[in-house]
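To keep things clear, I will list the structure first and then write my remarks on it.
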Amino acid sequence: MKPSIKLILFILCLPVVVMAQQSSDVVDLKKHKVVIQFNDADSVSQSRVVLQVQNVKAAWPNAEVEVVCLAGGLDLLMTNNSKASKAVAEWSAKGVIFAACNNTMKMRKVKKEDLLTQAVVVPAAIVELSQKQEEGWSYFRGGK
Amino acid sequence: MKPSIKLILFILCLPVVVMAQQSSDVVDLKKHKVVIQFNDADSVSQSRVVLQVQNVKAAWPNAEVEVVCLAGGLDLLMTNNSKASKAVAEWSAKGVIFAACNNTMKMRKVKKEDLLTQAVVVPAAIVELSQKQEEGWSYFRGGK
Amino acid sequence: MKPSIKLILFILCLPVVVMAQQSSDVVDLKKHKVVIQFNDADSVSQSRVVLQVQNVKAAWPNAEVEVVCLAGGLDLLMTNNSKASKAVAEWSAKGVIFAACNNTMKMRKVKKEDLLTQAVVVPAAIVELSQKQEEGWSYFRGGK
């Protein structure tokens, strides 16, 4: 009878084993999503915002991250004005979205071809930021 | 009997017509709500925040939008300091709420009669902004 | 036997008493939670952010409030740079959390012993702010 008791004990313990495993890698299973509002043109703010992307990806490698650039913040994504184009390219390759506000582009007479190839154009920053929050993303104001 | 059959067919089809109408403007039925924190007194920020209101209403005509003005941002709603009083009046007439922080008013010795007639006074900007988010509104930081 | 019965009745009635008390102050039981992003070093912003804490606690005495200090905002929590250390100590004693971003600390070469004793160190401000929002906290950008 002994093996049978062992088997019963094993079966009874299975849910506990599964639950223990789930709790051990609970961090990787949780889907974090962060949308960043970025308004500033200066080089300190530009390098700061890509550092903030790095910080969130270091803690949550699977997090979805989107940087929405408007007003002066569009400079981060302009070929001639970006002080962090290398970091934008690197993080973009790892799935981070860099979005340019089309309303800002029209106001500042910036064309799609003036932007880094990684930039994605969205119709309006305020709409993009709101929509992401409606879908459960957290908000962060990027920059210095 | 013909008219009667037509009537019956019409009545039977009514729900289909209503459903078709609903699905055709499903975008307009979705209720977007955006609350904007506005802290800045300068004229560029003032004109920028009303442009941001315009941008969100252009994309989502039925969106509920509230601009919460605190600190220097109160200037947007002060008769003597507002650089965008015409736009405030226009958007207010279309249902946008412009809220003045009463804590800021006390600190800056601003009275209700110093404000544009469209301004609504709320006890505290931080409470107003938090409450709106608790009710499912998205957050945006307005200005330049 | 009488005292024993009284005791049993008392114990049986305890949950009812507790529930009655809870329902009587239902307004206070609503759990408001506000997380504040604070980036600015200047003294006006420092005094402003503790005033904003005061404003939210005045309206919602039971609210959970956390001020997340990053970049220049770390000054609020540095013994040598804080312009509001007394207010930080007072609000901390009343349960407000003042969190210092460890990424900022490393970048600015600030050590735990350079901080006010009330400061709590968190690994990354952006992660802390996002996590709180995931848990249902509202967001506010603190300062002037």
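The first chain written gets the first letter, and so on, giving A, B and C; residue counts start at 1 in each chain.
Just so it is clear, contacts are C-beta pairs under 8 Å (C-beta built on N, C-alpha and C of every residue); 3 or more make two chains touch, one makes a residue touch a chain.
Bear in mind that the values here come from a model prediction, so they are computed numbers and not experimental data.
For the two copies, subunit B and subunit C, the CA superposition rotation is 125 degrees, given to the nearest 5. Distance from subunit C peaks, on a Cα-centroid basis, for B. At the interface between subunit A and subunit C, two copies of one sequence, fewer than half of the residue numbers in use appear on both sides, so the contact is built from largely different positions. Taking each chain's centre as the average of its CA atoms, subunit A and subunit C sit 26 Å apart. A straight line joining the Cα centres of subunit B and subunit C is 30 Å long. Of all residues in subunit A, those that touch two or more other chains are 139, 141. Partner subunit B is touched in their complex by these residues of subunit A: 37, 39, 71-72, 103, 123-127, 129-131, 133-134, 139, 141. Within the complex formed with subunit A, the subunit B residues making contact are 32, 34, 36, 48, 51-52, 55-56, 58-60, 138-141, 143-144.
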